[in-house]
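In what follows, chain A forms one complex with chain B and a second complex with chain C.
What follows is the complex of A and B.
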């Protein structure tokens, strides 16, 4: 089996009868969809698509797993992730503080490529499967270390009904309601 | 400049180049600027000169979305340019980044394992369909056929959904990486893909009735914007535009990459060279891509899972990474990839995107950044066709010819 070239040519300029026939075909198709329309409208935000688990949405840090290796900040193509230094109590020397580095993220810059999640050697970063979050002002899109550890509130989920979008053989994309609201 | 140099007539050959003359300038011609704000021009301007209603000259004026891709590619390591180059044609993301990745692989001396190659082809073909449908939609709305516009855009969503299930992102997948791909197929993907293929086959039949054989569309496309075979060759057109003019040129056949030589498909070539022939090439290509997807999905389902990154990279995986690859099908990156050094040398990567052949010339001086990344995109090569396809037609044919060339400014301007 190998790819090959398929030389074809168009049919000749057609007669009037052909034209009439194709016109009728088009009209019949129109009538078919008029009687039996195939619409798929997502009434967002009353309905929202429940995205698959592998979806590359917002990125959250599990701080206790982070080993401060800075790999995530180094691989970020858009320089959205940066390391900051914070003071932490040193477990080995009680009463003393030590400096530690943690990543923070600027969602104004992030392009959701997922490199940081994939490069993290300890799986300290993970994606949540939603991305439709609105901010009142740009400054809120700089996440500090505290914000970075909490999954952002998914307001759409509080108000809307989740649907799953699946591919149907006859209808193309269809939406199926999801029962569990998680 | 001497008075005899005719810039617009095409005689200017002070570089010693042979210039193909377009039409002569008549006496009472008006200059009309189509774009860059015109809704049907995209991010470009076509300067046409009209004699009455007939275009006597056309000049594509490009560069409105130039983003210095080549220069930016020189300052951010080897793996970070992948999400960047995707931005040239986001709906064709895998096709447009794969040749770069392959060029870097050649320099690094790694090779994607067989399963990763199949996965790359899978996403490439999904992208090709989505890209053709997108072009098709724009083309239809240029012609005022809003039904086809809605249909094509809606059906493109099916393939975007497939890509999203596979990669986790709708458009900018950043899927191939040097040495492999980032994810294996998720559970239930083969059936989903088969359903999409069967659905699209039925739809293509309806497209034929609604659009391709529609007498109105035919009379607007037949014999319009004819690019004869020898002109297409001289201009160096690529992709469906060349294949619509009878040139059997497709990188997947000329120099098969990944696993294209193991798959059974046809590259449709039409000889007429008009807007209709170019449209038929694209529709036929969608049908052929559906065949490829079926074969690839069958293969992926039949064969046992194996690492989707190169041996040399897999060897360095710590146990956690191996576990994740096994349980989630996610190939993790290794920290050294961010600042890796690539052996000095130069490599060429070619590939067939939805719009034609793309070439990357990647040169390394052994450092952490590419020394040079030269990109020649298919749209950059096809744009010259405007100059020769438009003259002689009426202004109303301009959208038809523009749409049939499937020109994409962000890709051409880089």
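What follows is the complex of A and C.
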């Protein structure tokens, strides 16, 4: 097929009238928003986004489900999860101890990718739906086996008001307060 | 004469009062407020919150005090390769000269509180404009003395802008002078008696003057010499601490002084107040009215930051020479026509 030949006119140069009109338009728009601001800023510690279940937040271990397969430690891309050995009473031979392996996590390294949770064959690992926890020293971010089984305290929820952010066609982002069920 | 009377006499002497109290202290307060308004207005328009956490009840106003304190106590670094004397002198001289027009601007129609003798008052608009055109030289000097490519580019941009806006500002003010037929600011204000303000009679000249002020004090959309994205901080790249604050504050103070001049020439000066006798009615109240009107202009200029981006140098010059210069000339023509048919 032969290429189609056609005339296309250049875009018209903006005239002075156009310039004046668009300047007035932008100023009016500015005044409109100035008088009636539609702020989207999340005033963070006072309001915090309520994240849905299934959000990839902190990871918690259910120790009784763990079968010590070490799949989580092997798949971890940032080597945050490590297996440790602990001595436990052996259920088959009462009175005797046996060594068992469990994962522990280093939150300095964890990137919250969730691979460990996905790969765990017995669902011994699960996510909580928050991630904004501040530690004032790095050593606290190494979780030992005890810490790894407890959900960390979510201090933001104690101070702030949960909101859900929804997208509105006209207003942009809108914050809708939600009731905290916890 | 007791000491406090002598002090009151010295401070009450119009040139001292105007440069120190209205000029220095007043414009410091106004510029702090204007910077706060600028950030807050831009935040409102852009759907943000702006300064907030320093003082949630005051809308973050204390942020600016904190900024000022930071500048004041920061270690001012003087690089080894700068030209030290001009480097130090430029911001200080620029600031002082930016305030000097206030020493000739009348704030009242009561002759005993004029800063100049009545004979010199005849040319007060010209003298004030002449002084007001000086400070940009010091911005260029600051850029030149800094011995830094960004600073030099910023200084050259400032030079381009000066050449363009100065003519427009002066021609715009001449529009007011032509309408009234006098360079005497007191007469220009007196001619606007009864809400015949020149902004209504001669909006063209006012628009030219307004845009020229925006350009001259490098406010948005003409913040070309200091555009961070391109030339760091333009002529002030090498400055730090209090010297940087002087440079930045100098722009706001110049804006304030030019706004006062605009208020007198176009917005009816101290009207609707009629200055009477005595310090309070004859001088302080009229000057408060003038300053209040000037603050409105300064805040209007600050508001522009919220809606405009930055023009390129060539776009700004294009606009200045092709649109604003004819506009200013048309303003003079309109003023002359109004004067000849006797509207003013």
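Things worth noting here:
The criterion applied here is as follows: the second predicted complex is superposed on the first by the 168 of 182 C-alpha atoms of A that agree within 3 Å, B and C clash if a C-alpha of one lies under 4 Å from a C-alpha of the other, contacts with A are read in each partner's own complex, and residues count from 1 in each chain.
To be clear about the criterion, contacts are C-beta pairs under 8 Å (C-beta built on N, C-alpha and C of every residue); 3 or more make two chains touch, one makes a residue touch a chain.
Owing to the predicted nature of the structure, the values given are computational and were not obtained by experimental measurement.
Set against each other, chain B and chain C touch different numbers of residues in chain A, with B touching more. Look at A:29: by the touch rule set out above, it reaches both chain B and chain C. Judged by the touch definition given at the top, the superposed model places A:114 against chain B, while chain C stays out of reach. In the superposed pair of complexes, A:41 makes contact with chain C only, with no contact to chain B. Once chain A of one complex is fitted onto chain A of the other, the partner contacts of A:89 are absent, as it touches neither chain B nor chain C. Of the two partner chains, chain B is the only one touched by A:77; chain C is not. In the superposed model, A:172 makes contact with both chain B and chain C.
In the superposition on chain A, contact of A:6 is made with chain B only, not with chain C. 26, 29, 40, 172 are the residues of chain A that lie in the contact sets of both chain B and chain C, per the superposition on chain A. Across the complex, chain C is touched by residues 16, 26-27, 29-30, 33-34, 37-41, 43, 172 of chain A. Residue ranges of chain A in contact with chain B, taken from their complex: 1-10, 13-14, 19, 22-23, 25-26, 29, 40, 51-52, 54-56, 69, 71, 74-75, 77-78, 111-115, 118-123, 127, 165-173.
Residues of chain C touching chain A in their complex: 41, 44-49, 52, 303, 306-308, 323. Across the complex, chain A is touched by residues 76, 79-84, 154-155, 157-158, 161-162, 164-165, 167-169, 172, 174, 182-183, 186, 192, 195-196, 198-199, 202-203, 206, 209-210, 213-215, 218, 222, 246, 248, 250, 252-253, 256, 260-272, 276-277, 280, 284, 318, 320-321, 324, 328, 330-335, 337-339 of chain B.
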